Structures are given as structure tokens and as C-alpha cells.
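Chain naming follows the written order as A, B and C, and within any one chain the residues start at number 1.
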């Protein structure tokens, strides 16, 4: 059965392209454009992986992350963060908090797929 | 003598006396006129002195005023410079995002994700992709230049074998060389050529130089060489290409200089590569220059100075202290000293050192590794904060040591400005005390 | 303030700047000249209270202008300021010798010139 991935990003183009790329790699995709909707969908659909943009209206990636960690249903879902302004401190902090991965925008398709596979515990297809 | 005789005598003496008196009067008159003219001269000299004095005072005042004006203009220039750098940074960031979206969208079409495409569509889309990549390179270069000029590039320096870096670049260009029927010659020493460098930066420089060599060479070879000298590592990239004219040679490192693209196919340049390379090499304290003659090939040479761990540490501390006196907070140094080394094989030692080094590099860029010591310079960090960092790191190190069952002891110390030393000398002395030289 | 000032400078931009700062300092009667001959002529005709002249003028210089004005008016002439963008101690002495009352630097805020004007008239 295809794995479900929830993506939350407030830029519709980015959302569409990541969704398209993931679908082409046989993942089911649920899209959200703000933090509130992301949390709602996560609880509803219980995806296998969540990709969160750090900056979003109605709750950025970190807020969503913290919210999800508080609910038994969602606390085990691996989360990958995306950001347009990567910095070492943030990265380390999030990785320490338990994030499964970190992608910077502009994103690289190869890197995205590799991190998704790693977070889902799938073998790398070489 | 009778009165008459006396009178006669006096009468005889009279003309003498008169002429003596006349002489005297004349002398007095001469003296008077000399005195008068000396007075006049003195007055003239006084006037002249006064005029000169006036002139000097006016000049002095004017110089002070002009100096203030210079300072003012200088400050304005600095502000403008900063604005320019900030502007370039912000714009570059803004430009990157839509660019990536465009690239990804084209990429997905080319990958067939949106369905089959015709050969012609593929061709056109490939052209799009190439130019998107070129735009991305230009933006990356502009950002690099802005960062270099703003002094914001932070080199992550470490001990690296330059031969390995050169080999990597050479290998990367191998397919291109083959397709263009050009030879890549390598001239590397048998052993290593180690220097304290930012690996990515040096690879960037090599890539830029070799890329240029390919651009301007139609036939023949591109030679990459590395030489290990006592005080520095000298690298060069030479080619048998069209060369650079005498009048263009001095301008070769300036921004946006492109001396007529060669007929060869391949990436179009941005005119910024050499400027960035020069900036990066000079940030390492090195030198880069070019030698060339029209139609006789070109050679780019750069030198990377070798620093001992001590010298590098001194440099980091000095720089950090400068920031401190510029009002940017405190400076702290973490010292990790390894004891009980006997009996542990060198491989394990290196692994431990590397582990601590990696940990340290997550906290700061200024990490210096020596035989049994790792020093971390934390600028803008107070003792309290530094102690916390040291504790965290110590915890992780002990975890690692017990996990790998390595029986060494690593202890940590924290030295801070101003409590443990107010000058680079004092701080280095304290470090020597702890580590035993 | 009722005082008439003559400015002699061949650079239009500089003339504009000095004029602006003089007017700001409430000196509103201002005449200009763009070369030495015109400068001396206007000085004689208009009889300003103060003449401000640049050192470098086409075909001549501020010192010559000063000399000629002093020759024309003797002691009763206008106050004369010689201004320059390139300060030189030798010029300063020269200025004094040709009878100028002050010698100052041209700056973008005209502060030295305005101060000299206030001192002299």
C-alpha cells in the first residue's frame, strides 16, 4: 500500500511541485497551506510522514511539530522540515528535538527523495 | 707754558679735534642709518613671519576641516557599501526561490512525470534547464561576491590534503576532457600537501580555474599541479589555450571581466568566478596570480600559507578579541585535553580526535586540532554560556568514549576574557599551562 | 542682512552650493561671476561688501583678482575671501600677501566659508 505523506507549505507552487514529485514516486500526498490545517489533517489522516515548512501562517512548522508531539496519535509520525533560510543552529535544535530530516529551499529533488526514504525507513534505491 | 703758548697749542690741535669730531659724527650717522635699515629689515622680517604664521594657521584650520569631511564621507561610503551588500543578499534570495520552482517544474516534465513529450519539446525544455542553471550560477556568484565584500564569508578551516582536493576536481572534469579531446595532466607530490583550509572553498577555486582553462583551450592539455613547500602549498592550473593579452592580464581578477568567450561549447561564464577565487584565496591569507601570453597558454598560480595549530589558534583568538573590544561581548576558549594516550592505537586516537572535532564544529567554526588537544574559540560568548557548552560537549564525548570502550580521559577547561586573560598572549599562555606546551 | 556678496567661481555646481548656504545664513544679495575678468569688473561696478573667489579661474587665478581689486579700491575696498578645494600653505601666504582677508577650504557643507563670512561682515 502506498505510503501517505502530508505536506504543509504556504507557497502553492512549492506545494504543487513537491506533491507532483512525490506522487511520481508512488507516494500518496495530502496538502496543507497553513499550520492549523496541517495539524487537523495530520490527526485525521494519520500520514506516514509529514513535511513541514518552517514559516507558515496560523502556526509555523515548529508550532505544528510541538502540537503533534503532544497527541498520542501523531507523536510517532516522522517529520521533515523545509526552510528558505537554513542555519546551523536551527537545524541542530530541530534535529535534537527529534526531527527526521531537514531540507532547505530551494530544494533539490534528489535530496528530498533521499530524506523521505530515510525517514520512512525505506531502502535506498541505487 | 705761558697762556699764549697754551692757546697756540690748543689752536693747533683744533683741526685734529674737529676732524675727529666730524669723523665721529659721520660714524654716528652711519650707525644711525644702519640701525634704521636694520630696524626696517627687522620689521619686514617680523611682517613676513606674521604672514607666514597667518598662512600656516589658516592651512592648519583648513586641514582639520577637510579631515572631518573625509571622515564623514568615509562613514557614508561604508553605509552605502553595507546597503549594497544587504541589497544583493536580499535580491539573490528572492531570485532563487522562483528559479528553483521553474527548474523543478521543467525537470519534472523532462523526467516524464507529466506524460510523454516529443523530441522537440525535450530539446526546448533542455535549453530552458541549461539557462536556468546558468541563472542560478550567476545568482550564487553574486551572493558569494556580496558576502566576500561584506566580510561575511566564514571559512570552515581544517587540516586538509590539498592533493586530495585537486584530485577530486581533476576527476570531475575527466568526462569533459574526454569529450573535448583534451588531456588533463596531474602533477602532484608523492606524499601529502597539507594546509589549514576550507575544503569547499579550495575545491571551488580549483573548479573555477580548471573550468576557465577548458573554456579557453581548443587543443592540447590542462595541467593541474600541487607542490608542497615548507611554508606554503603552491597550486597551479595551466593550459595550452589562447592566452591573455598583456593589457588584459592585470584586469583578469576584476569583476564581470570576460575576455571573449572561446568558440568551445560549454557553460557560459558570469565574469565573477576569478574575482571570487581571489577573494577566497586571500581570505586564507594566500596569494593568487596569473601568467600568460597571447596564443601561448595561461597559468594561474595560488599559494596557501601553512599555519601551525598554534599560529591558527593565535589568529582566531586575536580576531575574537578584536570583536570583543569592538563591543561585541565576551570571548571564551574551550580546551579539550586528551590524557592516558599510551596503549591506544593511533587509528582509535584519530577517530576520537575526529569525533571531538566534529562535535566542536557544530558549536563554532574556529576549531584547532593538535596532537592531543582540541581548542574551540567561541567569540561573543561569556564564561557562563561557554561552561554550559563545554559541559554538553563533555557529556557527549564521555558517552562516545564509553560506547566505543576507549580508555582515554578527555578533560575540558574554559578560559574567558577578561577573567582568564586580557590579551592573546595571556590566553595562549594559560592554554600552554593546561596542555603542557 | 543688507550685505552684498560677490562670488567668483567657474564651477556651476560649487556656485550653486555656496549661494544656497549663504542664503540659508540670511545673506540674500548675491552676485556671481564665472571668470577673473568678469569678477573684477563686477567688483568694481557693484561694490559688494565681500568678495569670495576660488583660487583656480580660467586664464587667471583668485590671487590676481584679489590684487586687482585691492589696486582699484585701495584700503576702502571689499573684504576678500579666497577659497580652495586644494589647501596649500604656500597659497595661504600668497593670499595674505595679495591682501586677502581670509583663506579657507571648500567643503560640501560650506561651514568654513560661512564662518569666515560672518566674521568679516
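Throughout what follows, a contact is a pair of C-beta atoms (placed from the backbone, for glycine too) under 8 Å apart; a residue touches a chain by one contact, two chains touch by 3 or more.
Quantities reported herein were computed from a predicted structural model and do not represent experimental measurements.
**Student:** Edges wherever two chains touch, nodes for the chains themselves; is that graph a line, a ring, a star, complete, or other here?
**Tutor:** line
**Student:** Centre-to-centre on C-alpha atoms, which chain is most distant from chain A?
**Tutor:** C
**Student:** Tell me which of A-B and B-C has more C-beta pairs in contact.
**Tutor:** Counting C-beta pairs in contact, B-C comes out ahead.
**Student:** Suppose each chain is reduced to the average of its Cα coordinates; what separation in Å results between chain A and chain C?
**Tutor:** 74
**Student:** Any idea how many Å lie between the Cα centroids of chain A and chain B?
**Tutor:** 41
**Student:** Mind checking the centre-to-centre distance between chain B and chain C? Centres are C-alpha means, answer in whole Å.
**Tutor:** 47
**Student:** Of all residues in chain B, which touch chain A in the complex?
**Tutor:** That would be residues 93, 96-101, 103-105, 107-108, 111, 113-114, 362 of chain B.
**Student:** Across the complex, what residues on chain A touch chain B?
**Tutor:** So the residues of chain A in touch with chain B come to 11, 13-14, 17, 20-21, 24, 84-85, 88, 92, 105-107, 109.
**Student:** Spell out the part of chain C that touches chain B in their complex, as residue ranges.
**Tutor:** 87-90, 92-97, 102-105, 107-109, 111-112
**Student:** Would you tell me which residues of chain B are touching chain C in their complex?
**Tutor:** Where chain B meets chain C, its residues are 51-52, 54-56, 58-59, 61-63, 65-66, 69.
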